[in-house]
Amino acid sequence: MNYKRGKVFILLFIFCMVSFFTNDFELINIEKTAIIVAIGIDKAEEGVEISAQIAIPQATNQSTTNEDAILSAKAKTIYGALENISLQTGWYPKLTFCNVIIINKEVINQDFMPIINYFLTTNRIQSSAVLSVCEQKAKEVLSSSTPLDYISSFALQKILLRNIDRTSSVLITNIQDFYSNMLSHSRFGYMPYIKSIQTDDKPKENSGSNSQSSNYENEQKEIVPLSSQSANSGGGQGQGGNTQNEQSTLYDASETLLFSNNKLACAFTSSQTNCYNLLTKPIKECFLSVEYEAEGKKKNTLVSIIENFYKVKLKIENGIPILKVELKIICEKEEETPSSYQEEDKWSILSNDALKALESKLNEDIATLIELSKSSNCDFFMVKEKLYRFEPNHYYKLEKNILQLLDYQIKVECKNHH
Amino acid sequence: MKFENNLQKNIQLFKNVLKSDDIIYYQFSAKQSQFCVIYVDSVTDKNEAGKLVIKAIQEQNITNLEDCQKKLQIPAVEKSLSVTDTITALLQGKTILLGAEKFCLTCDFYSYQMRAVAEPPTSTIVRGPREGFNESIKTNLSLVRRRIKTPDFIVKNFQVGKYSKTQISLCYLSSIAPESLVNDVIAKLSSINIDSVPDSSYISKLIIKRKTSLFKQIGNTEKPDIFSQKLLEGRVGILVDGSPIALTLPYMFVEDFQSSEDYFINNYRANMVRAIRVISLIIAVLLPAIFVSAQLFHLQVIPLNFLLTIVSSIKGIPLSPSFEMFFTLLIFEILNEASVRMPKYVGMALSIVGALVLGDTAVKAGIVSTPTIMIMALSGICLYTAPEVVDSMSVLRLVFLIIAGTLGGYGVIMLATYIIIYLCSLDNFGVPFLAPYAPFISNDLKDSLYMDFVPNMKKRPKVLGSDNKTRMGAKNNEKTN
Amino acid sequence: MKKQIKTGQICAIFIALLPLTKVVCAPSYFAKNCGEKLWQPLIILLLLDLLLLLTCYFIYKKHDNKSFYEILISVYGKPFANGIFILYAIFFFAKTVVPLFEQKIFIENTFYETLPQAPVFYPALIIIFYLALKGLKTFGRTCQIASFITAIGFLLIIFLGIPSADYESLLPLFAFSNKSAPICALTALTYFNDAICLLFFLGSFKAEKKSEFKIFLSYLIPFLCVILFYVTFYGIFDYVALSRKVAISEVGIFSVALINVGRFDHIALFLLALSSIIAVSLPITLSTHCLVQIFGENNRLTISLVLTLMLFGVCVTLSAKYLMVFEFISKYFAPLFVLCGYLLPLLGLGGSNNELQTG
């Protein structure tokens, strides 16, 4: 038996050594892997055009920064476009590191749910990737240079994922959340709306030098090689290379687009995004501007909100659905114009007038939001979902027209931090 | 062969068997009687033999061997009737006194050059005793006797080796060590049939249950303080003449992470150091494998920035990650082996060749990448935090690497599972190898990977099965159950 | 029967292995069938298993720690006992198939993206064979090590998932009756009913102080952790829970720490993969144990080899058809699972202490 066991072990060992040294199971080499960090989706004539932003590591003795390349491909479906990128470059697109998906506004004006559905069902991309809509072409957004980071999608991530620090300026969503909300009883969803702002700030060096896009079409197999990785090539072919310009791009994602029943329903302005965030998640950093009158003078105060306590409940009273919104905020004064020093100022205390003005402003904003929800038939307060969860007895009676019947009660309370 | 009443005939009996030139036959007379002293030249203290035997016989006018036995002031004088036994005793270093009788006398004037008691090179510590065993079993026993002064301390001697007739001493405390264990070891030692025993490792290889196992199944130590402490826990110890390494059994895996210094230093520091040993061993064995498997199969595990750094550093390297790591580890093992064998004078040159030429130049030439060299170095250093397990872990590291390069992370997992199952199935002399974790024995956890304060270790390890359970807090001579 | 296993090791078996086979594809199956009420079939299964534990306790008390095989022989005769144990061998073999396929899916989906369908998973069958060969004593000790690994890995995954979960998605708790709960529980028996293992440990362990209490707790607490996992899973994924193929690897991905640092939850997943091999081995080990009772300890090698080869054959031919296999087993083997899992143990309550029957 020992002799036989020895033979078996020797055979296993030889097999392992052969497979170890050859490593040839059609394994995809790390150097042939395209590490995609962001995807942009634009409308094409037939289907979609995918722009994949690929992080290209530099040899460490040449540069300490990473660069990127934009590869585009068109196809009828997302999967087809990604396969085209793979076929024509020879690189295997690795989507695990893709954290940002930017969709052009033209795409979401048509039926875009198959796109979201693909991203949700494939296990090549994480469901935690952030979704956003952009005003200009997604390819241009990804190709733009920014003073915030060498790679534009990293800059976008900084803005979009600041949400984690509990700021109120951006309404962030990911693939999972969006799709889940769309499938809920409320059937709504939202995405931040990215607008590019051109600035005169100098872009990061080397940025955009490789943001050369090669357009690969289904019919033509025209392969344009990537440019060499020189620092100031300025030779960006195609679109997006901005090294010749001194302008760089910043992003504003404070506006939000809302969807209902798989279609675009309405949009939030920056202040509405702020207000909605105050009602839906704990906030650490939010700034609001408030105008009020005191001692016959008009004053403008910038208020920072330290903490918020919120409750949005649905109650059915006498068959009428009532949305009860309670918001309590702890705030302090940041700045006031015209300024006049008072004893309270050293504690950043807001005056009673300011507090009352803030309360009424928030009251008004919340009421506007609820009215917007009713008018656009976009249930972003998840009233139907709350009806299902908390008032199941009334669900079948009210689910079809609850938004129309909805009444609301708002209670806002503002207090000073000290 | 039997002795006869004739001195010359008796001498001839020996000369017929022993043809070596270093066997000395010294004939002398006292009054009218003739005697002959036979001894091995290289291992006999001739001055003492001359003084206490030859001179004493001549001065006291002793005429026969019976009177010699009564009157000579020599310790351990024994009468021997068998020529074969006498020859064996002679070759073991005894001095033979022949006369014209049908027997002879054997006396012990054994004397030989040996290494002094010094700090063992394999177990250096900062704080604690620094004595170490040497090749003389008598010296080793004396070092143990100095530490255990109780009539319960039993030494049983064996002779093993057809040609070497090596003396082996089995040491144990009769009031602590389980009887079944002692009997089991005695049976195993008695059954050894071998030509010679050059080192105690031969004994350990012959008495263990699984002779082809990669893992050590008998503990060893070069320090008498560790040896005595292990006996006091309920183990048995084996000393082998000619070897400075003493064996202790039963043996458990956690012993490799324990050092004698742990008991002499601050307890917090001791626990920290034990944790470092465990973590270092895991790093040493698994890190090369994990790195290779992550590069080949599991890119998503590596954070993006780190991945980009790795990809940038492996750009242009002609070898596959697995072969690169294998090659680097092989170079390390070659350097390791050469540094042990190399004469001291060229050691410095070798270090320069190893570090600069192989390490730095290989990276600059683009043959291997920087992360690989770093991981190889880290793994190599971490392996030596627990020097007892270097043998098995260095082999295991290569096996893990081969599996990782073949099957990836899941291959590493499967191999780790196999090893855990294998170790769980290993028993040494009735004691599970992975005790006190599998089976879980809460009492024994006080001195395992975690070390409790010494005053709290009131009980002996339960897994060793000793009836005498309490080692602290019991009254003198009280056996507590 | 020789005392091969200790009470602590039985507890470790439950702690180490109970959660693992239930958190791969089963959560999405439960979400698909029961929606937000996926906890209801779990409660049904828990209650059934606790009853089974109670049954085993009464059997133990009644027959003074004899093994189940010895009890059946003494009460019903040897041919009957052999028949029952062959049935149990088939039962345990069938219980291995679906969890094994799911492990394959878990490994290939979670860890291997750039590798095509290569035989990465199949060497795990060697481990399964080895463990079945070694027997209960080694199995118990291995589980004591695995229990630490499972606890660390599983709790880490749950802690990563809890902050991202919205438990309100489980509401309403009792409105809108859930008729599919019992059916879901019945068809999911391939994952559950681990308490049956205790029946086969009877006679192999020496009861210590408060053994019953320890075993009960060691079954209850992991099961509650499984329920917590399911509700957290649903709380995270809500309406898309039914599309999540491998629940255990997706629960932690929304954690803030992962977004900042990287997928360090893979460390927990690797640890759980280690324990999962042992979890999948348990039914085959028990199947081997059943056949060894009939054919003798000398044939353990042959029996475990044959069972592993059969499992290998099933894996190679059918692993690409997981859904078909799952439907087949959950539909056609459900009566066998109910019979062997909950009804046949009642046979142990028959007869009285030390009753002998010549068969």
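First chain written, first letter: the chains are A, B and C, and each begins at residue 1.
Following the convention adopted for this analysis, a contact is a pair of C-beta atoms (placed from the backbone, for glycine too) under 8 Å apart; a residue touches a chain by one contact, two chains touch by 3 or more.
Note that the coordinates shown come from a computational prediction; the quantities given were computed from them, not determined experimentally.
Among the chains in view, C has its Cα centre nearest the centre of the complete protein Cα set. In terms of C-beta pairs in contact, B-C outnumbers the other of B-C and A-C. Separating the centre of subunit A from that of subunit B, both taken as means of CA atoms, is a distance of 65 Å.
With centres taken as mean Cα positions, subunit C sits 45 Å from subunit B.
Centre-to-centre spacing of subunit A and subunit C amounts to 41 Å, using the average Cα coordinate of each chain.
Residues of subunit B found to touch two or more other chains are 297, 299-300, 304. For subunit A, residues that reach two or more other chains under the stated contact definition are 27, 33, 94, 96. In subunit C, the residues that touch at least two other chains are 113-115. Across the interface of their complex, subunit A is touched by residues 212, 295-297, 299-300, 304, 307-316, 320-323, 326, 370, 402-403, 405-406 of subunit B. Touching subunit C in their complex are the following residues of subunit B: 297-304, 306, 407-411, 413-414, 416-418, 420-421, 424-425, 432, 434, 437-440. If you check the complex, the residues on subunit C that touch subunit B are 6, 8-9, 12, 107, 111-115, 120-121, 123-124, 126-127, 130-131, 134, 137-138, 140-142, 144-146, 261-263, 266, 270, 273-274, 277-278. By the touch criterion stated above, subunit A contacts subunit C in their complex at residues 25-28, 33, 92, 94, 96, 99, 120-121, 123-124, 126-128, 161, 164, 174, 176, 179-180, 183-184, 388-390, 392-393.
If you check the complex, the residues on subunit C that touch subunit A are 109, 113-116, 118, 168-169, 171-172, 175-176, 236-240, 243, 245-246, 250, 253-254, 256, 258-260.
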